[in-house]
Structures are given as structure tokens and as C-alpha cells.
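Okay, got some structures for you below.
The two complexes that follow have chain A in common; it is paired with chain B in the first and with chain C in the second.
Right after this comes the complex of A and B.
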């Protein structure tokens, strides 16, 4: 997005929501709600709604609730009460003002992190209910501007940052050249059919963080991996359409990603350190397309580094000497179970790991995930103020000696950067690959 | 069909040693082999920011600053994307196209002859170039690309209305169209995806999204009468002016022709539809149930389905048989007319039919080595690299192209002696 368009918009004046809502009629709202509820939700939503006893046990799970002095409006069930229950109770007869509020709540006050599902005695998945609200918001055309723009980028370019067709291979070739200054014969093999692994990333990497591609190339090269990257679409594994409720577009993006890998005849896809993308490829997008499991095995970077270190393909020259603390990203830990592998990797590459508490699948969300950070600057303070509890958690880890915060997820990384900065936590942030690249043995 | 009549089907074996290549160059990239099997080539590094191509041991006359995407055309010409002093173009057998561009990518190759197209960026404007000649028109962006089967027409999804990122409402009015030979349709759409050009090169079809919710197929800018919640890639009939495409209704996929439902049986998924060469039959990859994959022919799915995926479906040249690849867990199967071979593989490539459809061969990988399998028999040529097998025009011989121990082999084997 251009700098001009990035001007802070006062809360409530999101042009995606405002302009979208201005053309809503009661009839349209009712029709869309009815259509989504009748045709797209089935027994799952009904069971959740019928089962909930309004006990509020889920409240303590939510970082927004905890960060807002236990304000019930921010409790998981409170968010459902303000959105889905009203839609159900009024049989879809809700006002455009209500829809605007529902758009803000579902898109910016819930990270779809699923922590609350662990606290509910019935395992009610509030994140799913919020996703249904977002689906309704999408169908009504009231999605917040920034994330809608990201979805449009996906739709045009099949990547989330409007990276054009020429910019992608050009960036890879530039990174290859840079890396050849360090390892003269290093290659980023493009479109190498029959390689073992296709490496895929998310679009912020070529756009702003090309060093991550450089580091990945060095890791692949040193480990002797037979790998490739596609020069055309399908290289971006991210999927903001999953979070805007544009399921059709989500499916299209995932199809492109998997069919690119299929065309390249690779046996596995390895993806960079991203959480939401992982959820989109191994759970949401593949299933919408009819693939119960990923058709081609997909390996998250944490799992891949674990494999490389454990098998001795990557050796550590000298461990990172600053004490680190590890943020467990929701989608790869609560969703993907990679917490012990992450610890194995961290212990292999760092002198000291200081656990933050709670941790592993109980860790607090970064408040950036679930597409919230992608709703842009207008909601930056929503997520920063909505995660005071995270700052407290980080301060506690710092008090025990942690100097560096490791976040193996792009959204977490950016979101925690804002939190560390705002609350002046004073921790440095790194991806695992930043440290791995630094400490590994290189030729 | 590749016309292999003029190829050498008599010499049993030809060898090209490659063992000295590594010593001669900084590095040697992955090799490619011509369809007739007479040439093996690889991009080689010849110094700092200096690259060349080694073909049968000889290099092109001159180096380039960078070379990538080396591929043979069906007529045997060797092409690559090359750069010189910061500009890019295509080199054919070492000679660059006359026109240089800001960047070129997404090469497309004609199926049976020697045409080649690329996407072009020049001064941050976008178009395509075919055999060295760029479109007269340029656009703010180009996203999807097509080359006609005959190789003489190009098309792309092009941005015809300027919209900055962030202008979501303008975007929703429609900023994209499709251009055939550079000339865009008058109509605009929110999105245009997966273009295809008719066999005669005269018509262009594409998937379009008319709003964020309404999908349909457009042919020469005219949309079908009906909209759907989603559509996939359209395909032209080989001889008649019909277009078929998968469409989504009520959460299921069906096959539609010219806007009317053709296969009314609903599938959880349906894509990669294709006509038999005579146009009489249609096959498609389908999911008859959630997490089950197979091939349907004229709407009727094979009895056996597979867990992970089905891909690379193909009709035999006479249109009577259909082959495909299926995957379950880590095993790949070659499936013919619904029945999988007993052999399973770590990877398999699209099945290749003999001209009469009697025999089927496929390149496969097992335990890190490659081979060709014929009619469910693994050939004796286990090797480090292999290319798709090709049947002779009479169907009595099979051409094997492979590398073992740094030597490239071109071997012609009578079908009857293959497994011996």
C-alpha cells in the first residue's frame, strides 16, 4: 500500500467498513446472514450455540479480556454475544451499524487463536464462530480496508503484497548473487523439476525481508538439500483470504501453491517461518478443496530445522550466547504441535532458553495473528492495548535474564515488535533462521 | 503429438560423456535433453557473473551475465532466458533475440514446433513477446499467460485501469481484462485468471470474477449467462467452438459447457478437464467424496479412488484410454482406465501412450534413482536422471534418454525387448 494511503484512520472510519456498509439494506443483510447460516455452517455452529452455557470460563483465556481489566465485552463469549448471537436471535434482522461493529469485533478483537477453546469445558471453538461472522462480513462487502486490499493482492498476483511477476524471480536472482559473495557456488535453483523439496515463503520476504531468502538459501546449500523455488505463481504460501472469509479465493490460492509443487514433482514443500500460512495449507485451504490431508507433505521451517540439526546435516559452530525466550506461535504450536521441536532447535543453537509463562500450547497469542495485523495501522493500538498481558509475560521472561525474543512466525514477529516497542520491553527480536544462519558451520 | 518420423530409430545406443564438464566449468546446473534425444545441455558457470550453455560438450559462442530456464523446444532448438548488461531476452541456440527488455519470465513453449513466448517488463510496463516480437500494447500489470497450441498467438490477463494498491473500491469496479495478441477485451473484470486460446488461435476464454462473489467464464469478452460461486479453468473443444469449465453450485462442482450444465453429477472437486483428441470424450480429475480422488470420463468416475491426489491425466492418442497418476501416502501409482499398476513409486511422471494406445510407459523414481516403466514392468535402465520415454511413430520402439555415471545415453529399445 502507498504511503499516502497508509495515513492513520481514526477507529470507526475504516473505509473498507464505512463505504461497504453505506450500501447495505436490511433486506441484503438478512439475506446474506440467512444464506451463510443455512447453507454454509451446518451442525457445527448450531452445536456450539446450543451447547454454550454462558459460564464465561473461556474469558481467562483471552489476551484481550485480560489486557482490558477483565472487561466482559472482550471475553470470547462476549464477542459471540455481540455478534453471532444477535444475528441468530434477530434472525438476521440487524442494522448496518450492527454489521460495522461486528466487522470490527470479528476482524480486530479476535485473533482466531483458539486459546479459548482449551478453556471451554465443551471445547467450543469461538474462533470458528468468529470466522463465520467474518464470512458474513465478506459476503456483505464490509471487510476492513487493509486486509481486503491484501485479499485483492492475492486475487491478482497470488501473493499477498502485490509482488509482480518479474519482481519475484528478479529478487531471487539478486539474493542468489548476494549469497554467492559468501558461498561462491551457491544456487537458488528455479523451476528444478524433480527436486526433493520446494521451498515456499510469504510475500513480505521478497518485498521487505529478502535476507530471509538469502539465509534459507545458505541453510539449504550447506545442508546439501536438493531443492527448488518456483519462478512463477505458487511461491507464496500465505493466505489472507482465509481470514477475510473469502473461502473461494482461499481455495484458489492453495490450489495454486499445491499444483505448483505438483508440477515441479517435488516430494515435500518446506515453508518459511510463518504461522497463518501453515494453517492455511495443512488445515483450512486444502480441506476447502477436498484434500483431507495436504496432497504433498508440507513441512514447517521449525520441523525442517529440527530435521537438519538432528540428522547432522547442519552443524553448529558456536551457539548464540545471549539468553533467549521463545514465543510459541498459535498456528504452529496449538494448531501444529511443533513446540518440542522448536525447543530442540533453540537448545541446539542457543546457549540458554528462558521459558516465558505460560508457554507451549498455553502461550498467549501475539495479537497480530488471525489477520488482525493485516487490518493495518487503524487498528495498531487495538492489538497493542489488547495485549498488555503479553508485555507482562515478556517483562517476566526478561527479568529472568532473556535478552532476545525468538518468534518463528511472521505475524508474531511484526506484532511483538510493536508490543516490545510500545511497552518498552527491551528485547531484541529474531527469527530462528536469523540465529541458525549466524551460528551454523559454513564452508 | 510429437512427430518423430525423421528421428533416428535405428541406432541402438548413442553416448555423450559428461564427466569432464564439472572440471571445465565453475559449476554445471541440472541438464536438459532434446526430445529426439540427440542433445544434452546444461547451464554452466564460466566465471564471475559469466554463464554459458554446454551442449553435447560444446559451449555457445558467447557468455551471458546470467542464464536461466534452459529448455529445448519440440523442434530441437535450445532456449534460455539470458541477460546482458542488465537487460534480458531469450537466446535460441546461443543467439539472443534482437530485442532486449527490462525483464523476461514465464516462458511458454509451443507443443509441436519451434515457437516460444515470454512475459515482458519494459520500463515498468508489461506485455508478452513471441519469437522476439513484443506486443504493440503495454499494460500496468500482466498476471496470467497463454500461448496457443499452434504457438502463434499469445494472451495475458492485463490490468487496463490504473488502481493503486489500497484502492479497494476502485478495484472492485473491475480493473483487469484479457488481451489476445496484445489487444484487450472491451470488458473489465475484478479478476481474470487461467486463459486459454482456441485451437485455431482466434478465440480467447478465461475465468473471470465479476464482483467478489460472482464467477463465470468469458469468451472473447462475453460472459456466460450464468454466474457461479466459483469456476476453474476453461478448455476449448478441439474442433467445435465449445468451451467447457468446472463450475461450483451449492457447494459442489459440476462441468458446464457454454454456460449450461454438461455433467450434472455433483463432485466435491472437479478440475483438469480435457477433451479426447477427436473431441468426443471428456475426462477430468474429480473428488467423488471428501478426500477421495479419481478420474471421471464423460461424468462417470472410475470405481477406484485414491486418498491424496490424482494428477497428470491424459488420453491415449486414439482417445480410447485414459492414464493418470495417483498418490496415497508417499506412494505414487500409474493408473490406466481406473486400474493401478501393481508397482508403486516414490515419484512418477505423466504416462505416455504408444500411438495405438496398447502400451504405456512412464518415467519413475524409486529409492533416489530413476527408470522407465513399461506396462507395469520396470526397465533395466536404472539411472541418475531420466526423461520421459517416447514411442516411435509405429509404436514398436521406445526411446530412452537417461544419464548414468556422468554419461548421457540415447537408447532405442524394441518394445518387446524392453524388460529383458
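Right after this comes the complex of A and C.
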């Protein structure tokens, strides 16, 4: 098999996996697996594996399992069986073919959404086990190509989308000028030392959703917030390295982010409507850097809008009149408890909120997060077919009258767009800020 | 048969309790030492409040979403675990043995109730076996060891039931009962029956992460 791989260019779907796996040897695989298990894991992995009673009760937590007509290969524990159990049982002596399969399972058939942690009677953190698998895949160099490319972008530019040094302030100034047509004295203050808030976004915003920066600037301006954005690196709060298992790079990215805020002497970091970035800044990056909690308070957009509306800094002129349904993103709801605040905001800006079921902590994942959508086009249908259950959930909300689907997370937004399109659900998609910007009182 | 009885209730009983208690403490200690050595941060995230919040939800039948989704399993599981613990501890015949050996005794279950509870344990084991074989999501992750631990748990109850009713060969089944009970005790720390030792900790840790960091429910 390795012979064939040498003779011709690998023809697999994913060059990252195929090319990476073509240079693997048994010794290398065994060495890396042993090294990760011995040096990078401890009581958690061991206790989880020893405690799991193989009851299968985590199965129904997983949207992939539910969407594939309860195919046990897609259950959380089923995915652990096909990856970690096998690595442990064979003490790392697994084949390159096995590693390729493990890369696909851990990277594209699990969103690390942790819904299963709420269904396991023992509270076993299966997403953590999948992260360890991804870490092994990373150290073997078999990470899917597209997400590895974003990780490379982080490493080179400190942002996820290869946004060049001059493109960033240029985009901000462009949006500032655009917004000045609406509010003539509006500014996007760059590098303002001592501002109350540093506003950070993910790189896809300047890359292709610049209107979100515009909207944020208008919200900040109208609310009279003393805010700033950094003109140089550290402005991007996103973090694909966290999902590829490149923990060292995750540390670099988060350090840059926190240090930028610290250099600007701001009191808090407010971030846009992104879920994974919240996970990285609020929960993961800080731990890697040795902080129990983030060194600077992190405020997600939901929380920030809640604050602005509750304190009366933003007033609503006319509520959004179409009935909306709210998708609770895993990282800010199961990972940050912002579900009630999100509902407060939605009720303040919309006439009617129609709940989808299940909701809050129990909401089904979008199947895009956890780096899955970042694995790119080869896996688009993996996540679309893997989330039929989401389409059913959305259809049910639509049947009750919902017209617009609100989701305060970038990955969810893009993933749900594909779901809505493929299954012809017929719901419009919006961020909270899209609606807030539309309905708020402006000078 | 008599010498065997003496062996089983004498040195082997001592050995079984020693391995059970010692082994459990050993497993606990090695887990905590491993946490201390490699994942010390876990201690910093542990919260009494959220640990117990999580544990309480999960040890109450139907208090969690997943228990509600599986009503039959929930009833069987709770009945099984309650009977599994209480029957051997409060069986009159066992207390008599304690009394004879150590002059200590405590409240006992009426024999007829203990009999019923034994059947609950055995019935639950049959239920688990059928579940393992018939549900694809359980079958898929089942290995031989899962059947073995089921057998280890069922055996003392089956043999005890037969011995109590003096069916078949009483001395043989009495000895088998004692032997299988000792096997179960020894197996607890060193098989996945160790979930008895570890599950409060895994639950507590997840409860702490969900409560104190994630501000979300984990049930």
C-alpha cells in the first residue's frame, strides 16, 4: 500500500490526510501515540476509559447518531471505540489506514459540542477524549487540509484567514467611512489606550462579513461605549489550533490576544457573536497559559447586548416583527450559560420568540462547530447529512410560525445556512446584531 | 465440602475483603496521585457545591433528561443498584455471620423482602444482558468483559437464592455463593465495576466544570 502511495499522487478526498498518512510508519505512529498518552494525558483519560460501563446512554445525545438513523458507529462511545479504545488496546500499534479513519472520525464526525457529557450518567467527557485523538492526529501530521491551512494562517499572521497586516486597519477604516454616512461622527477607535473595552472579532469578519464590524461600530457608538480595536495582531479572537490539537499554537494565539488587551490597558474584552472563539478565550486558551480564568474579563456579544439593553444604553425603536426562533450555540450556552441572557435580548428586540425543541443546554449542535466546517468542502455533506435531526428540529419551529432563525455564533450560522439550504427549511438566518442594528434607536 | 466452607469463610473471606478494600483505596489513591502529578488543575476547578448539585441530580430517578428518556432502564437501574447494595448488607443470614464472628449486629431485612430484592438484582442482570444483545448501540460497544462482569455480579445472587431455598445441592451452592461473592468483591477495584469507586469523581468533576465555569446544567 505504501508502494502504491509512492508511485502516484494520493487520490483521497483530503490531501491533508492522504499525504500526511503516506509517510507514516508503524514506529512513528506507535511513538506518537505513546508519547501523547504517557506525557500529555493523565487521570482524566485513564479514569474515563476505566469507568465507562459501555451502556450506550450517550448515543442519543449525538446529532450524528440521531441523523444516521441511530447507527451505532456515530454514537459518542462508538466513536471512542473506533479511535481511542483501539489505540489503547493495541498500545499504539495501529496502521496508517486506522489513523486516516481516526482523523476523519475525530475531525468531521464529532463537533466537540459536549452534549454527550450531559447524557453520560458518569459525566465522562467524550469530547475531551476526541480532542486527545485530534492531538495524536496533529502530531502525526494527518490533520485535514483545510483546517490545517487555517492553523498555518494563525501561525503566520496571527489570524485565521491570511488577512494581511495592512488589510485589517484598512477594512476597519472602510467600515468606519461607510458607517459615517449614517452617523457622521462615528469612529472606530484604533489602539486607544485605556479604553474600557477592546472589541475583538474572528478573521472571517474582515474577510467577508465586514458589515458585522459596521453594525458593531454603530452599536458601540450609539451606546456611548468607550471602546477600541487593535490595529495590529491580537485583533483576531478565533482559534482553529484549539481544534486541531495544536496546543502550542493555541497558546501563542491566545497570549497575543490577551497581551494586546493588556497593552491597550482595557478593562474587558468584548467579542463578536462567535462560539468557538469564546471557548478558546474563555475556557481553553487561558488554561493552556496557566490562568484558571481568563486574565481579562471576557464578555460575549450576547452578554454585552444584554448589558446595553438592560441598562438602557440601547433603546429599541420598533421590534423586529417576524417571529424568530433561537439556536443555542454550544460554546456560549453549554459552555458559558448565556441562554437566558440571549432570550432576554431576543425578547427585547423581537416581537415573538418561538422556541425550538430541545433548547438551551440541550439544543442540538449545528454540526459545523468544533472545527468541522473548517475541514472544508470535502466534508460539507458529512455535516449536512450528519444533521438531519437539526433540519427536523427547525421544521418543527417553522411549523409553529418561526420565520427567522437567529444564531449568535459564526460556525452555527454557516453550518445552519447549509442545513437550511439543503433541506429547504425556508428560514431566514440572522445574527442578533443584524436585528439589533435594524431595530435600535439611532440618532 | 466442609473444609472448603472453612476455607471460603476463613482465609479467602479475609483475602477478599482485604483486596476489595485495599484495592479500592489503591485505585483511588493512584487516581488522585495521577491528578496531582499531571492534571493538578482539576483540583482547582473542583467545587463542592456543583459536585453535589450534579451528583444529586444523577442519583435521583427521573431527575435528569436522560433518565426521563429511558424510563424502563431508569427504574431497573435504580432498583438494581439499591438492591445490589442493601440485600447483602442487611440480609439476616449475613448479619448472623457477623454476629457469630464479631458479636456485632444490626437491623435486618425480612427474609421474604430480601428474597424479592435478590430476584430484582437477577432480573436486572437479565435485562442488562438482553439490552446488551438487542440494542445496536449497546451491542456495538460491548466486549467479552461486559458479559463477564455481568456474570460476576449475577452469580452471588443466583447462587444465594438457590442456597437460601435449599434447592439442588445446598452445601455446594452455599460454597458457590460465598466464592462468587468473594470474586465480586475482588473484581470491583480491578474491572469496570470500579465505576462504583470512580463515578462519583467523574460526575463531580463534570458537575464542577459545568457549574462553576460553564454556568450550565449537566443533566
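By our rule, the second predicted complex is superposed on the first by the 431 of 443 C-alpha atoms of A that agree within 3 Å, B and C clash if a C-alpha of one lies under 4 Å from a C-alpha of the other, contacts with A are read in each partner's own complex, and residues count from 1 in each chain.
Just so it is clear, a contact is a pair of C-beta atoms (placed from the backbone, for glycine too) under 8 Å apart; a residue touches a chain by one contact, two chains touch by 3 or more.
Treat the numbers as computed from the prediction; the structure is a model and nothing was measured.
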Fit or clash - chain C, chain B, common chain A: fit
Partner chain in contact with A:336 - chain B first, chain C second, else both or neither: second
Touching partner for A:283 - first (chain B), second (chain C), both, neither: second
Partner chain in contact with A:381 - chain B first, chain C second, else both or neither: neither
Partner chain(s) touched by A:164 [first = chain B, second = chain C, both, neither]: first
First (chain B), second (chain C), both or neither touched by A:56: second
Contacts of A:292 with chain B and chain C, given as first, second, both or neither: both
Superposition-derived angle with apex at the Cα centre of chain A and sides reaching chain B and chain C, degrees in steps of 10: 120
Chain B versus chain C as contact partner of A:251, first or second or both or neither: first
Shortest CA-CA distance in Å separating chain B from chain C in the superposed model: 7
Intersection of the chain A residues that touch chain B with those that touch chain C: 292
Complex contacts: residues of chain B adjacent to chain A: 26-27, 29-30, 45, 49, 66, 68-69, 102-103, 105-106, 119, 121, 126, 141-143, 159, 164-169, 171-172, 176, 190-191, 193, 209, 212-213, 215, 229-230, 248, 250-251, 268-269, 271, 287, 290-291, 293, 307-309, 311, 327, 330, 346-347, 349, 365
Chain A residues touching chain B - in the complex, by the definition given at the top: 1-2, 5-6, 15-16, 19, 39-40, 138-139, 141, 145-146, 148-149, 152-153, 155-157, 162, 164-166, 169-170, 173, 177, 184-185, 187, 189-192, 194, 231-233, 246, 248, 251-252, 255, 262, 265, 267, 289-293, 295-297
Contact set on chain C toward chain A in their complex: 31-32, 34-35, 37-39, 41-42, 44-45, 54, 58, 64-66, 69-70, 73, 135-143, 146, 192, 194-195, 198-199, 201-207, 209-210, 213-219
Residues of chain A touching chain C in the complex: 41-44, 46-48, 50-57, 59-61, 65, 70-73, 75, 77-78, 81, 117-119, 121-125, 283, 287, 292, 333-339, 361-362
